[in-house]
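Mind looking over this structure? Questions follow.
Going in written order, the chains are labelled A, B, C, D and E, and every chain counts its residues from 1.
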Amino acid sequence: MNGHNTPIGIPAEIRRRFAENYRLATQDKDRLFLMAGDQKVEHLNDDFVGGRVATDDADPEHLFHIASEAPVGCFATQLGLISRYGMDYKDIPYLIKLNSKTHLVRSEQRDPLSLQWQTMEQVADFVRYSGLRVVGVGYTIYPGSEYEAAMLTEASQMIFAAHQLGLLAVIWAYPRGKAVGTREQDAHLIAGAAGLGACLGADFVKVNPPLNAQGEMEAKLLGEAVAAAGRTQVICAGGKETSAEDFLQRLHDQIHTGGTAGCATGRNVHQRSQQEAVRFCQAIHAIVVDNKGVDDAVKMLGSKT
Amino acid sequence: MNGHNTPIGIPAEIRRRFAENYRLATQDKDRLFLMAGDQKVEHLNDDFVGGRVATDDADPEHLFHIASEAPVGCFATQLGLISRYGMDYKDIPYLIKLNSKTHLVRSEQRDPLSLQWQTMEQVADFVRYSGLRVVGVGYTIYPGSEYEAAMLTEASQMIFAAHQLGLLAVIWAYPRGKAVGTREQDAHLIAGAAGLGACLGADFVKVNPPLNAQGEMEAKLLGEAVAAAGRTQVICAGGKETSAEDFLQRLHDQIHTGGTAGCATGRNVHQRSQQEAVRFCQAIHAIVVDNKGVDDAVKMLGSKT
Amino acid sequence: MNGHNTPIGIPAEIRRRFAENYRLATQDKDRLFLMAGDQKVEHLNDDFVGGRVATDDADPEHLFHIASEAPVGCFATQLGLISRYGMDYKDIPYLIKLNSKTHLVRSEQRDPLSLQWQTMEQVADFVRYSGLRVVGVGYTIYPGSEYEAAMLTEASQMIFAAHQLGLLAVIWAYPRGKAVGTREQDAHLIAGAAGLGACLGADFVKVNPPLNAQGEMEAKLLGEAVAAAGRTQVICAGGKETSAEDFLQRLHDQIHTGGTAGCATGRNVHQRSQQEAVRFCQAIHAIVVDNKGVDDAVKMLGSKT
Amino acid sequence: MNGHNTPIGIPAEIRRRFAENYRLATQDKDRLFLMAGDQKVEHLNDDFVGGRVATDDADPEHLFHIASEAPVGCFATQLGLISRYGMDYKDIPYLIKLNSKTHLVRSEQRDPLSLQWQTMEQVADFVRYSGLRVVGVGYTIYPGSEYEAAMLTEASQMIFAAHQLGLLAVIWAYPRGKAVGTREQDAHLIAGAAGLGACLGADFVKVNPPLNAQGEMEAKLLGEAVAAAGRTQVICAGGKETSAEDFLQRLHDQIHTGGTAGCATGRNVHQRSQQEAVRFCQAIHAIVVDNKGVDDAVKMLGSKT
Amino acid sequence: MNGHNTPIGIPAEIRRRFAENYRLATQDKDRLFLMAGDQKVEHLNDDFVGGRVATDDADPEHLFHIASEAPVGCFATQLGLISRYGMDYKDIPYLIKLNSKTHLVRSEQRDPLSLQWQTMEQVADFVRYSGLRVVGVGYTIYPGSEYEAAMLTEASQMIFAAHQLGLLAVIWAYPRGKAVGTREQDAHLIAGAAGLGACLGADFVKVNPPLNAQGEMEAKLLGEAVAAAGRTQVICAGGKETSAEDFLQRLHDQIHTGGTAGCATGRNVHQRSQQEAVRFCQAIHAIVVDNKGVDDAVKMLGSKT
């Protein structure tokens, strides 16, 4: 923690609370391993059953099982879900994902709009009455949507209010909509989205991995985004899985070639069985937080991955 | 009641009130028999006159007659209607249905939008001044509607506020709209809707019975939804009536094969005469709350059903 | 007054004020003769000049002249108009019509939307500072409009707030919009609208007279609406005038055959000269409030009608 | 002042302030000469440069020069402009025009929508802190616009709040939009708009001069509007200028034939040089306030008009 | 400072704070050199990488480096970005740009809408808790957009609230939208936008440089805008760069021929390396604030420009 991570404009006593939440989320290493668990809304049940998805994943408690045993920096999901499991998983550092939408209406039909679910007063009440370790809040913006303005306003007000409560603010920034079309993973546009996250005042901005002209992920393309985000730290999704080893290699590249400050991983974690998921998280943690190499991380996966 | 039914994030003194309301609504058996009576808005007068509908049903007081004599866990209807009959039916456990729309505008014309009718401050005032046994509130969401965002925000804020008042929150979750088309009763989509209810923090989520490829109800298809909802309990509508016996068999299957925690029944109850409706409710109660078999339940119907 | 007319959920001291307003508006007979005077917005100047319209009607004060001399239960018009004449007509029981729209935009162009003009805080201030006998508030809903949701929310919040102030709430319920088309005066749809008024918690719901298959008014068709509305009392417009005698006969039929609890009359009253209008109101009052027959009422019209 | 000019529903101490503002604006003669200066938004710079427009008019201070030297009842313009010149023109009676829109988007593209710029709390603060003689507020409504509902709600709330602050409320009522088409200056429609202003509770309603079947202004056509507005007083624009003499004759006709209570004049005043504009205002004042004849007024114009 | 720069309608103690902020921003010379740094949202990363853009510009801190070393009157950017760098750049006079949108959705697809990001209460908290020298706030309006009304309301409320906090208000006024089409840089339309800024009560209005019939910038065309804005001072962008010398010549012309009160410069500054950017700002400062000639200013650029 270098003192640049706490935004300015917060009362002194709240700054201490913010710093504590920051240390907790980044595990004292200035790196964020965010376990993303908002897909039960974003993708409804598509990510949780079928194909190679572990049967454990059908039950939402699977997410809490993993988050409580694995060394994640924070587990991001909706407040409602936390309100139903938090009493049994008090040690998880939570990040409340404040807006979510389903994927039913496609951009071809109507540009995406995702609005805030709880007010910040409700968030504050929840933190107070639950006694949980809530380290922050999250919000998805869709730059390029015709409804962009509504989301930018909600996001900026939410970030400011979160900081006043001592909470971190993480922005999921996904260019999308008819104006964006197929450029959703264009490196330059993603850099723009990352810079936008910085202008909103986010602590972390989550972006999708940019693709090169061949449609392949290329870690060095993240450099533009990391630069554009400045002191707002960039975290990146891992992309579609090929194998655990490939995933970890890509993650290592994103951090060491791309310059990202961590990762946000969802399906790649929770679609595994409890045991495998925890091991996979340990491997991710090794790379992200402990700065280990890919080989060391792979060893943590155990025999079957 | 297993301690998992009270959400976290509520002041201690309110938790007791919530637990009391939960026990009342679930009749100390962790099962919910919700009598749905919001159709006077949702379907205007279509459900209340004509065909085989008992003439009793033409008068809204019929709903209160039934609810006061039958062993329902709660009777769900609009606050306005309760405000006109509650003084004479003080022992009914009420669930205030907070949003409703008519069925006049079809999805082909415009995607569904149903907004909250009373503020939570008004609900709190109503509970205080009426002295009625209001156990909870209800809200319908339409995942897949172009207006989904407005309803998800209202629903999530309402659920949080309800819990802060010690009230249960029940979500009616119906995928609908041009993006959903004919998939309204697709099992996977319904599971998604049930999981969405969990993420909103609902205590119960009411879904329509899923249909198999042949367009027939199949109780085991509910399993995905029940799993996806986790600690949020799933209740299911009975579908169109064929006979009382068939209805009860289906209900039994939904609970014992599908794993649901109760039912929400409306037309199947109130379209009968007062006497028949009460007997029918007793039969439903036998299955849902007393965990009886279908035969035992059928016996309670008396000679004519 | 039978005790069913005061809704539940109101503080005790306010209940007394409500009961007093109810008695005043229903003239101690549980029947409502509402003089409707909101047409200067709803129809602009169309109803007030030309053809057989008395020249008196060109001046809005004509409405106050009539309402102050005729035995109406309440005179419904916009707050703004009351604010300019009320000081000279302090004995009229007023009902503030809280929303209004012009008829310029037809449903073919855009579905109807009519929004609340004053907040309930402003209504409360107006009642307090004016010292007028304001007995209630009114609001028009258009079930079937694409903007139905906005109006149902405003109406339900307004009704609750009105009751908390001890004021009656009257709903004008007119199915309208592209989804309704030519069915605006369909008896079944009107019954649906009346039941919707009950679910909103209205004290009275004003509907248009239903037409039979031949497009003619038929009083017995009102029966479905009266039943559907339950304890919310139905009042009906008189329809287009043929002669005063016909009007009174129809009104008598609506009450004694249709079961309505009064009438809402506008143009049929104010398009007459002051003297004729007052006599006509006396005849209406005879039927509605004093439960007289048509012959007795006709006698009150004097020689020229 | 006849006691009918102060609306009912205002606390006693505020009534005195209102009466004082009324006397100031109507110059103790119950007639209003409103100098309209909101065109810098409504018409952007079109009215202020080019053609026969005096070069003085390029500078907004020209409006204040005129208003401070000419015998106007009030000068209506946006709060922002007053905030920049008011310190040097403390004796002008101001009327704050609270909504304005540009003319860039035509009705053919989209129906007009003009929303309130400052809250009434901001208006109250401005009055208190500026120490200026603010006599009232103004608002434009467009009956017939698809966005009519938003403007009627804002206007009615604004009028009520203005009266609670002791301020006059003037409504600019212009039928407009696709539903109105070419009927903008139809006498019957303008009468409807005037009556609508009365229902909103306005003190004055400004209408455009109605045209006869030949498309010419005809003062007697105003009679319907003046009658329809009742105690809300009608003021009228002068229409396009032909010559100063013609303008004054028309104004005299509007008052003495049409029955209006004053005028709202903008371009006809400020497009002249400072000296001419002041003289022209003196001539208008002679007719409107001093009830002089046209000949007397024309003499005040001096040699060159 | 001539006393005309502080708007009326502000409490006395706040007027002192406003005057101090005005002196700071205008460097005691009544001229404003505003360094515009809101492009990371408005143009995403397009302005910050590629082509002749200095590599320094990839990092948002570059903006703060320049603003802290160069003699700018204020540095305008989003609150979020200030919150992350302000602790290290405490001496910069900041202007918080309160609304921003991306350029992804083009006017051909949908007219522009840019909404306020933080509430004025949040701005006040930020100023208090950050201890930074925040001199004002900024907001972009798009006259001619179909969403103009929303932005004019936000802008006017923001300006009033800013003045109540002692902050300057700068309006970026860009005619845009389908109704404007290719006339975005029409001199007469820009003059209209400048006058609109005055009616909103802005202290400064930033406009684009008008083009003549040949599509070329011509400083004297600014005269209409400067006149129309009255006491609201006009600042102008420099347009596309050809060379630093040309830029400075144009700026000099804008001030001395066009009559503007300063400039708003963004890309022309920050696309240079740190050293060049600071020198370029010194040259701008020489012309804008110190009223030097172009030759003197050019000398400050050093050898390579």
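General remarks:
Quick note on the criterion: a residue touches a chain if its C-beta (ideal position, glycine included) is under 8 Å from a C-beta of that chain, and two chains touch if they have at least 3 such contacts.
Quick caveat: nothing in here was measured; it's all calculated off a predicted structure.
Where chain C touches chain D, under half of the residue numbers in use are shared by the two copies, so each contributes mostly different positions.
Spacing of chain B relative to chain E, judged by their CA centroids, is 57 angstrom.
Averaged C-alpha coordinates put the centre of chain D at 35 Å from the centre of chain E. Counting partners per residue, chain A has no residue that reaches two or more other chains. If the chains shown are joined wherever they touch, the resulting network closes on itself as one ring, and no chain has more or fewer than two partners. From chain A, with the walk directed at chain B, the chains encountered around the ring are A, B, C, D, E.
Only residues 38, 40-41, 44-46, 48-49, 58-61, 77-88, 100-102, 104-106, 109-110, 113-119, 122, 125-126, 129-130, 132 of chain B touch chain C when the two sit together in their complex.
Within the complex, the chain E residues that touch chain D are 3-4, 7-11, 143-146, 148-150, 152-153, 156-157, 159-161, 163-164, 175, 177-180, 188-189, 191-193, 195-196, 198-202, 224, 227-232.
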